[in-house]
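What follows is a structure written as C-alpha cells; I'll ask about it next.
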Amino acid sequence: MTTMSKDECLVKRFMYEIANYVLYASKVIDSASVEAALEILLENIRNGRKVLVIGAGRSGLAGRAFAMRLMHLGFNVYVFGETITPAVGENDLIVAISGSGSTKLIVTAATAAKEMKAKIIAITSHRDSPLAKISDQVIMIPGRTKLASEESDYTVRQILGSHEPLAPLGTLFEVTLNVFLDSLIAELMQRLGKTEIDLRKRHATIE
Amino acid sequence: MTTMSKDECLVKRFMYEIANYVLYASKVIDSASVEAALEILLENIRNGRKVLVIGAGRSGLAGRAFAMRLMHLGFNVYVFGETITPAVGENDLIVAISGSGSTKLIVTAATAAKEMKAKIIAITSHRDSPLAKISDQVIMIPGRTKLASEESDYTVRQILGSHEPLAPLGTLFEVTLNVFLDSLIAELMQRLGKTEIDLRKRHATIE
Amino acid sequence: MTTMSKDECLVKRFMYEIANYVLYASKVIDSASVEAALEILLENIRNGRKVLVIGAGRSGLAGRAFAMRLMHLGFNVYVFGETITPAVGENDLIVAISGSGSTKLIVTAATAAKEMKAKIIAITSHRDSPLAKISDQVIMIPGRTKLASEESDYTVRQILGSHEPLAPLGTLFEVTLNVFLDSLIAELMQRLGKTEIDLRKRHATIE
Amino acid sequence: MTTMSKDECLVKRFMYEIANYVLYASKVIDSASVEAALEILLENIRNGRKVLVIGAGRSGLAGRAFAMRLMHLGFNVYVFGETITPAVGENDLIVAISGSGSTKLIVTAATAAKEMKAKIIAITSHRDSPLAKISDQVIMIPGRTKLASEESDYTVRQILGSHEPLAPLGTLFEVTLNVFLDSLIAELMQRLGKTEIDLRKRHATIE
C-alpha cells in the first residue's frame, strides 16, 4: 500500500484511508456468493420479473443508486417506499440491504416478501442476522456497523489506525456497499453485452 | 499500487480498480478549496443558519447521505425536494452538486438561491460550468462525467486500463463524491469535537 | 344536498359526489378526539418537541402535505422515511396514519416509537386495529378501507349510490384525511394566532 | 347548500367549508378540456407510452397520489424526482401541475420535456402562465394560489365567508386538485373497464 505525506490536508488523508479500506474489502468478499447473486439477477432480467430494492437510511440511498443503474440496464426495478412501487410476488426479486441485518423495517418488509414467495438477496455484514437467515442468498460486506463486535472493530482499527471517529456509524459498510454495487453493475453490463451508450438511452432526460 | 490476481472474481477486481481511482482522486483535490468549504460549514453551524443540499440523480443521493451526517453533527440541514424543506435566504448555505455543473434543475435552483443571497458551495468536475460560475466556493472532484473531454477520459483510462464500461456515466464522480463527503464529515467531527456517540444520539431511532 | 344535472361531464359528477362524502364525513368525526389531538399538538409546539409523521402509500402522501404545513406553522416536524429524520424519544409526538390501522410498517414503526415513550396520535378508520390500540389518542376518519366491513360499505353506497368503482381502495379515506388535516391546520393557525403571511415566510423559496 | 350548527367543533366546520368549495369547483371546471385530457391519457395507455408526473410541494404530493393510481390502472407512469424515472421523449406524456403555473423548476422541467417533443397536460389556476403557454392541453382548476388576484380572492371569500386564514396559500387549489385527480381516475376506470379488484392486484403488497 502506498502512503500519503503526513502534512497533507486531513480530508484528503481520510479519503485515502477510506479508499484503502475498500481495497481491503475487495479482497475479503466471497466470490461464490457474488457469482450466485449475479446469476439470480441475470435470471430476473431474462424472465422480465420485478426487482424491489429495500434499505433504510444511508444503505437505502446506496440501494437507490443501484436501482437507478439497474433501470439503465433494462431491469424492471422499483424502490421500496417510492410512489410507483407495485405489487411483488412469487418469482420477483428483493434486494434487501442492512449492515446490521436487523433494521426492523427491513426485516419486516423482507419477511412480508418471503411470505409472498419472492426471492431475497441480502447484503449485510452479519451472517447470523434475522435478515440473512430468511434470505435465499447472502452477500457479506465488511464494515463496522451498529452491532460491530470488538473483534471486527479491531480489524478496522488495523486498517485505519487509531482515528476512531474517522468513519462513524455505518460509514465503512456504506462506502464499500456503494463500490460493490457499482462493480456489480459493471459486471452485469459485461454479461448483458451493454455499452455505456445503451445506459445513456435510459438515463433520465429531464433533470 | 498493489495488484490483484487476474483470475479473481471480476466484481472484486472492479471494486479494486474503483478504489484505486479514489486513491488517485484523493491526491488531486485542491486542499485550499476544501479548507475554504470547511470554514464556510463551520461558520454556518456556529451561526445556526440553514444548509440546503441540492443534487439530481445519483449525485443527489450522495448529497442526501451527506445531509444525513450533517444532521447527526447538529447542522440545521435540509434536502432539496423533500417535504419539510423551508425557506432559505440571506446567509443560509447551499451545497449544490453536479458533475457536469450544468444539470438544468440544479442550475435553476442555485440561481434562485443566489438571488436570495444565500452562499453557494459547488461540488463539480467542471470549473467553467454554469454552476461553478455562480458559486462562492467551488470544489473540483475528478470523474468522467457526461461532459467528459477526451483529455479527462484519457486520465481515467490510464488509471483504469481499457475497461471502457467499467464505470459508466458519472460513476467515478459519484464514488469519489461519496468518499469525499464522508471525509469532510470526518474532519468536521474532529473540528467540532464530536464523537461517534454524539452522532448516534441524533441517528434515527425508528427505521 | 344539491344535485347536479345528469348530462354533466362524469368527472365533474364524481368530484361532486366525493365532495358530498366529505360533507358527510365532516359531521361524523368525533369532536372530543379532535380537541384532544389539538391540545397534544399545541403542547408539542409550546415545548419545542419533535413531531414525526408516519404513513404509507397515499396516506403517507397526505401525511407529508400535513407535515409541510406544520413546518410552515413553526413545528419541529419530520417525515418518516425522508433523509434528515432524527432520533425521536420520550415526549416527542408521532402522528401515525393508516386507514386499516394494520399496515405492517406503520404498526412496526409506531410500536418502536411507543417503546421510546413517544406519544402517538393515530388517524384511522378502525378503532380496534393494532395501530389504534397502541396509540394515546385515536381520531376516527370514515372511509371505505381495505378492511371495510359490509356495514361501513353500506354507508358509503348510501352516499355515493351504486357507482362501485367511483372511489376505489382507500380513496374516500384519503380524500377525507386530506380535508381533515387541512382543517386541523386552519384551527391550529387560529389558536396560534398565525396569519397566512407567517406561513408564507417559512414556505420553500426554491422550487 | 345545507348548513352546519355554529357551535360545532371548528375543525369540522372548516372541513364542511372546504368540501363546499370543492362542490363549487366541480361546477366551474371546463368539461371539454377534461375530455381532451382523458383522450390523451387513454391514447397513452393504448400505445404503452410513458407518463411522467411533475409537481413541486403539495401539488407534487397530489401528483404522486395520482401517479400511484395510474400505476394501479396499468399505466407506465413515473414521478419526477424519484429514483427510477427513465428517459422520456417523443410521444411520451408529461402531466405538469402548478397552481401558479410559474413554479420555476416545473416550468424548467416542462420546457425540457417540450424540447424532446413530449406531450404536456398542464393543471393550473392560471391560463396565461408560462406553464400553460407551452402545454398541449390545459386544465384550469380554481383555487386561490400564490398569485391570486383580488378578483379570484373575492370569489373565494364569497364561498368561504370571511375566514381569511382558513385555507392558507395553495390549500384550495390542492384540495380541489386531489378530488379532481381521483375523479379522473374513476372515469378512467370506467372507460378502461377496470374494477377495484384489478387495481388491488397492482397495489403494493409490501408496506
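For reference, chains read A, B, C and D in written order, and residue numbers begin at 1 within each chain.
We take it that a residue touches a chain if its C-beta (ideal position, glycine included) is under 8 Å from a C-beta of that chain, and two chains touch if they have at least 3 such contacts.
Everything quoted here is computed from the prediction, not taken from an experiment.
Annotation of chain A and chain B: jointly contacted by C, D, touch as defined at the top. Homomeric contact chain B/chain C is classed as same-residue, with over half of its interface positions used by both copies. A count of contacting C-beta pairs for A-C and for A-D identifies A-D as the more extensively joined pair. Each chain gets one centre point, the mean of its Cα atoms, and the points for chain A and chain D are 37 Å apart.
Listed for chain C are residues 61, 64, 68, 83, 104-105, 109, 112, 203-204, each touching two or more other chains. Those residues of chain A that touch chain B in the complex are listed here as 1-2, 4, 8-16, 18-20, 22-23, 25-27, 29, 31, 34-35, 38, 56-58, 61-62, 64-65, 68-69, 72, 103-105, 163-169, 171, 174-175, 178-180, 182-187, 189-190, 194-196, 199-200, 203-204, 207. Residue ranges of chain B in contact with chain C, taken from their complex: 52, 54, 64, 67-68, 71, 77-80, 82-89, 109, 112-113, 116, 201-206.
Note for the complex: chain D touches chain B at residues 61, 81, 83, 104-105, 108-109, 112.
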